[in-house]
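Can you keep this structure in mind? I'll have questions shortly.
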């Protein structure tokens, strides 16, 4: 198929913009995995919930999603903290397979609660800048998606700084590496777990605010992003912040290009094949530490 | 019936019914149980909810109008089942409905649910009226209990094709090149295959066929391809969210083909889309299930739906009509008996006029209504108008789109 | 294996046969058949996940292969239903062996193994949705010809007997495995892979045998599904729903135990049915209740309840 180079360039740019938001969704997942060593099945449902929150902020309170992003992040930090502290932690009683069940139960609850409250309709918001474009040479870049890209980078940098240079970050890393040791030196492990889960959920809130102007929300919308987020987490190395960001961009571009060459449907295979290959060749991902 | 208030007209009709038959002890006529099967949770919950709404409104209207007269004014009692968006759920609910002694089942929405549920019903010779499910396999299995009032895949695609050619010819053949965008499920894929073989025979050139999954996270690449190919016509067949994403991206990328001609599209005939994105929606055409705009009942039902703060979607009139079909057959059967009902359903003819679909005289062959057909709609000035076939149209097509 | 060990399994078989003969409600029979299909898929997962500690998120790959082969061999190649079913099991086992060879040879464990199986299942799903032979997106319909020779039965009771017998066989096979050398090695691998290796266990061979058996058993569930519902599409056969069902039941009922998957399947589907009755006009509420009960079951496992009661009385 002879494709003009500018199309390929556009597809790559497009993949980067889309991949950034994937990375944002994956950030929360990888952080939770790195510290709690759990696969959080409720991640998609929490994203859905955050998108409804952003929707309500716009539709009922008239608050622009970009303005709502930080307050929502704070709110969802609180929600994530409480969910881990009051539900996942106690209910799982320290067993990994129980965490699987509990997060699955949570996702069923959240998804259907959203269905009961907001009904099944697919909702979108029409912000004034939704149709704005940034002209970059021959290509038109969607304004909301460029904003999403910038926000992802900002969140990534903020998380990196948090993890590297703050006491909280040090405690999180200590617990991630050696939970018994961390407990012995007086770190409140349950608190650190909940903080980590809270940060992961806060990332979702920002992702939700970035997605909403150019996407839509329905009770199952989060599921569309979960599988791809898992892929990114593994690709980037479980627990790695930088890995999630780079992985997101890589997957975005792979998806975009394989969609271009194989069609959007079969193009999905591209992601999974890359995923399988990476795992088989380098099971710790691109940025993961050796297990 | 919570959530439904009978209109003034309904109340009047109810009292008329009482006045007309004062001597009958109507309260003693045993209620007829009717199974309404819809997926109201899971991936298909939106369609299920709007389908259920149509069935509820029809049943409320029948009961307000004096029930089934031939059965002593028997009321219809709903036995609702949530198919949970999968075939197993559909089968389980049919079994429950059977245990509750329903006389017939209406609904299913998705083809896999309809296939499994109608087959489960066939074990009990339980009449099953499909509301939407377009797979032609539904009516080709030789199940005598299964009926479909609306059109199947073959008829929809053929009509879409014929109407497109007629529309293009009528406008002086402005379009020649086509890009097809379709969801990769049963309908979209089959549709794309057919268009690829048939369109070239009719003077069109298919530049590219783009399949996408549901849900799709991103339609930008599809728009990108369309922009590069510069087709005269874009033919999308997708579910609601994906088409909204596509048309918004097309608007953003300043892609303006001579026409957007959808086929069984989840959004192009959806008032939510028209209301929320009037610019993206304007002048989009769709070949789809749609009620007959010239029947007064259509407007009345639409008002009842909008009074509940719900949007007007095709699932509602289709289910309304399917329930009316069962009621009509019951009147003719004269007995609350499944075999009699199946015979009556199969014998339905043009005398059945209580439906609101733009179909000719009803005639069932092997359970399929031969008159069932889609129509072409177009979004014009914030409203959805029927533009084709002319017999049912309430507006002229605006095509080719200029500017 | 002593005769005593067989008692519960024989009892289970007797109960299922009795249910098939005595229960007249088709609602109940349909519920039991579906639960048995899930229990069989879950028992397959249990061999690898429960005994071997290798958690798979992608048992849909095996379920779907068993289901599709059962259908395709009948429809496209004119095979009888029973040989097709058997071939479906064999095909699923082969797919298991192939995925296992790729994943275990690369040393994938834990979450990495889980996610690679998930990816394989997704690849199968996308391919099946696009391929010609599977009927593509339109799906595949097994012709309705009710005749025991076609593996189609006029009443649900007979099907329950067949499904129940297969589950009973799976229970026997699981018990046999538990008592076998392979079973012991598998548990050793689960508990401490390095130690098992040091003791001379061929870890890779043990894992490969386990995943092959596991995949075959889950493939049998897929074949049963195909014969029971007579319709398949890619989302049914290879969808994540069945991967989740297959792992959920053993975890709830007790992973790495003979009866865990059956118990879990009965508990989960029983709960789902029970909560369905609370569904009101608002869709979704019943599933919210289901989710809450699921978490409560994890928090207060049924096997702990007697102890909790005792403590509470004191």
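Chains here go by letter, A, B and C, matching the order in which they are written, and residues are numbered from 1 within each.
Convention: a contact is a pair of C-beta atoms (placed from the backbone, for glycine too) under 8 Å apart; a residue touches a chain by one contact, two chains touch by 3 or more.
On a predicted model such as this, the values are computed, not experimentally measured, just so you know.
*Asks:* Which chain has its C-alpha centre farthest away from the C-alpha centre of chain C?
*Replies:* Following the centroid criterion, the farthest chain would be B.
*Asks:* Hey, which pair has more contacts between C-betas, B-C or A-B?
*Replies:* Counting C-beta pairs in contact, A-B comes out ahead.
*Asks:* State, to the nearest whole Å, the distance from the C-alpha centre of chain A to the C-alpha centre of chain C.
*Replies:* That gives a centre separation of 31 Å.
*Asks:* In whole angstrom, what separates the CA-based centres of chain A and chain B?
*Replies:* Here the centre of chain B sits 37 Å away from the centre of chain A.
*Asks:* Residues of chain B touching 2+ other chains?
*Replies:* Residues 40-41, 45, 48-49, 184, 211, 213 of chain B touch two or more partner chains.
*Asks:* I need the residues of chain C touching at least two other chains; which ones are they?
*Replies:* 126, 129-130, 283-284, 287
*Asks:* Spell out, as numbers or ranges, the residues of chain A touching 2 or more other chains.
*Replies:* 112, 115, 120, 219, 265-266, 268
*Asks:* Show me the residue ranges of chain A that touch chain B in the complex, using the header's touch definition.
*Replies:* So the residues of chain A touching chain B come out as 3-4, 7, 10-11, 14, 17-18, 22, 112, 115, 119-122, 124, 126, 130-131, 133, 140, 142, 214-216, 218-221, 223-225, 228, 255-256, 259-260, 263-266, 268.
*Asks:* What part of chain B is in contact with chain C in the complex they form?
*Replies:* Residues in contact with chain C: 2-3, 40-41, 45, 48-49, 82, 86-88, 91-92, 95-96, 98-99, 111-112, 115-116, 119-120, 123, 135, 137, 141-143, 184-186, 188-190, 211, 213.
*Asks:* Would you tell me which residues of chain C are touching chain A in their complex?
*Replies:* Touching chain A: residues 55, 102-103, 106-108, 111-112, 114-116, 118-120, 122-123, 126-127, 129-130, 244, 247-248, 251-252, 255, 282-285, 287-288, 290-292, 294-295, 298-299 of chain C.
*Asks:* Help me check something: in the complex, which residues belonging to chain C touch chain B?
*Replies:* Its residues touching chain B are 25-27, 30-31, 34, 126, 129-130, 136-139, 141, 143-144, 229-231, 233, 236, 241, 276, 279, 281, 283-284, 286-287.
*Asks:* Given the complex with chain C, which residues does chain A contribute to the contact?
*Replies:* 33, 37, 39, 87, 90-93, 97-98, 100-102, 104-109, 111-116, 120, 219, 227, 230-231, 234, 238, 265-266, 268-269, 272-273, 275-276, 279-281, 283
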